[in-house]
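Two complexes follow with chain A in common, the first pairing it with chain B and the second with chain C.
Then we have the complex of A and B:
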């Protein structure tokens, strides 16, 4: 089961900080990050890639996005 | 879902930085004050003057660039389906941060945008300002690491997101129906400088078009002069920093071509040489921008895409400009204002209070 980071309603850099905290915590596996702006979507995706995680899927959800990142 | 955003790529942000870096010195060539082709803080301050919120006669003009920034961002946000009306995240804190960001910027005499442009024009006093800016942002990143945040926004009515862009549109209409009469310091409503930096400006249409272009591209690229340093310090991410770097490099090259590069400390346009207070003023501004989540330009672009909290921050900046000039806080080429030093100290104390007390982890 994926870990979920709910960063909706938070402005930058909070979504990235929360994602990086979660990445540090779980080290590998799958994390779902929920954001509500395109800027956060781009920032979280960029930050995940720099940590060696793969942006597996981005789906619109409600007024925002559900970003799935993975590392094996 | 919107298509891939080319402007948010590495080359996209570099291109936007170059675009702004070329246009800002050109705006100076076309009439804007020295090393002030674009200065968000100075231009907000001029708008405060145009509205009579302060009576410093040399800095009163309804800057169309600012209006363009907001409306350009609004257009981009609608074109790419990114207009998201939202409010509710510590508005009063943002308002106070806006006030002190403006006071800090006016002690230095420029925002981060102008600090870069001053450097690119050879004003070495800007080096102290940029060191101060980085110091302030660094302090802000310590708070962010410690759990500081402004809390979550809530979605709201579309009309709420429209309020600030409509205010800007109203300002533009005011300019059109109440234009400056040659040599007159007052229209029917608006105040106009007849001398000093406020009297120096490119034509309304040129300023507006450049403002719209910058607003459009900055919304797409998420260009942010504070975020550039913050992300570098916080995440070792150079994405936004590349935009700032390319802005400075392009402005330097354009200034050389236009013969606007005049290196030195003394006698620089709208600048003073009190190094400690250039540094401290921008430390305050940098910390306030970091705590508020964006540089003054980014706050305008966010306001254009529906962020009502950013609009409150900008409103704080405009009111802060009123305080700065009414109470002798703003600097002049002669040096800091009579109450500028104490204002910077109070501002730093207030920002530290905000940073230390808003550390609850978002749930």
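Then we have the complex of A and C:
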């Protein structure tokens, strides 16, 4: 079961901040981040990578994207 | 603006069609007016600093055209019922400091009630009707000079996220509040071919406009572009504003990018700037002299960042 961050409807830097908060909280495992702009998709992916998380999958979903990030 | 009909007038020297942000209107054979306005929502937390930045940004177009500012008028949107009036006073005081630095005079303004604070100036300046600069004069063989480092859009986003330390906040505040006055005066003295100021379309977007208007190609050497160091850290951290991504997308069909270039550097060169520097196209012969003069006049970041090519016309090579 992965943690879900729903950042749809929010503009940057909010989705990145929510992702960073979740990363801090769970420390490792899998997080799914829902975003609805290309900007948020790019920024959330970068934020995850700089924290040592892997961007495992990005799927279009509805008007936006479902980004799965992982850390073992 | 497609489909709108604009009046033609022989004295209108620069109008809406060239994508310069200001207009020039000839009054006599010796004097033409430059008119411009700009205003926006707060980009930093301190109201006085916001006033300084918004004002410096509003003067920028006059400087980019090689003109001298004469008068300024305040444009104010303010939530008078919900916000302390002292904040508005502070914003306007900050603006006034910059108006004085520009040696212009404040002659009035207009305010409206609005849910969100916005501030800026309408600026009028003068220039000789045959000596003004636009983005249309770049010539093959010219070198390109940028006078301020890039990264204020990314760092303003990081500030919004509360991620900036005091030192970086001061650094970007002073950069954005710095007038392009010295750079413009030096550029006019030395003599250059074209100029534009770097604002919302970023270095890439404004370069592309210059390439199209001048019917030339531009080559930018990314390792020579001055950058605020913290901007690289925060771009990697995911603090790139939507406008900067939009700029990159908008320019993408006219770009030839060396595949070895780090995507973060592309974010920096497309980063939407507030009160950015001047992008100057100057003959190769005069370029080092111009750099030397700029550095003597409080423009330490000025660097040669690229060159003007005959081809590919209306496009940018990023190296």
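The rule is simple: the second predicted complex is superposed on the first by the 72 of 72 C-alpha atoms of A that agree within 3 Å, B and C clash if a C-alpha of one lies under 4 Å from a C-alpha of the other, contacts with A are read in each partner's own complex, and residues count from 1 in each chain.
To be clear about the criterion, a contact is a pair of C-beta atoms (placed from the backbone, for glycine too) under 8 Å apart; a residue touches a chain by one contact, two chains touch by 3 or more.
On a predicted model such as this, the values are computed, not experimentally measured, just so you know.
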- Message: Which partner chains sit in contact with A:10 here, chain B, chain C, both or neither? Use first/second/both/neither.
- Response: first
- Query: Who does A:30 touch here: chain B (first), chain C (second), both, or neither?
  - Reply: neither
- Query: Who wins on chain A residues touched, chain B or chain C?
  - Reply: B
- Considering only touches as defined above, state whether A:44 meets chain B (first), chain C (second), both or neither. second
- Message: I'd like to know which partner A:61 touches here: chain B for first, chain C for second, both or neither.
- Response: neither
- Message: Contacts for A:22 in the overlay, against chain B (first) and chain C (second): which applies, first, second, both or neither?
- Response: neither
- Message: With the touch criterion stated at the top, can you tell me which chain A residues are shared between the chain B interface and the chain C interface?
- Response: 11-13, 16-17, 37-39, 42-43, 46-47, 50
- Along chain A, where are the residues that touch chain B in the complex? 8-14, 16-18, 20, 36-39, 42-43, 46-47, 50, 58, 60, 63, 65
- Query: For the complex, which residues does chain B have touching chain A?
  - Reply: 1-2, 5, 8, 80, 82, 84, 86, 89, 144-145, 149-150, 152-155, 222, 227, 230-231, 234-235, 237, 239, 293-294, 307, 309, 362
- Note on the structure: Within their complex, chain A touches chain C through residues 11-13, 16-17, 19, 37-39, 42-47, 49-50
- Query: Can you list the chain C residues touching chain A in their complex?
  - Reply: 157-158, 160-161, 163, 235-242, 245
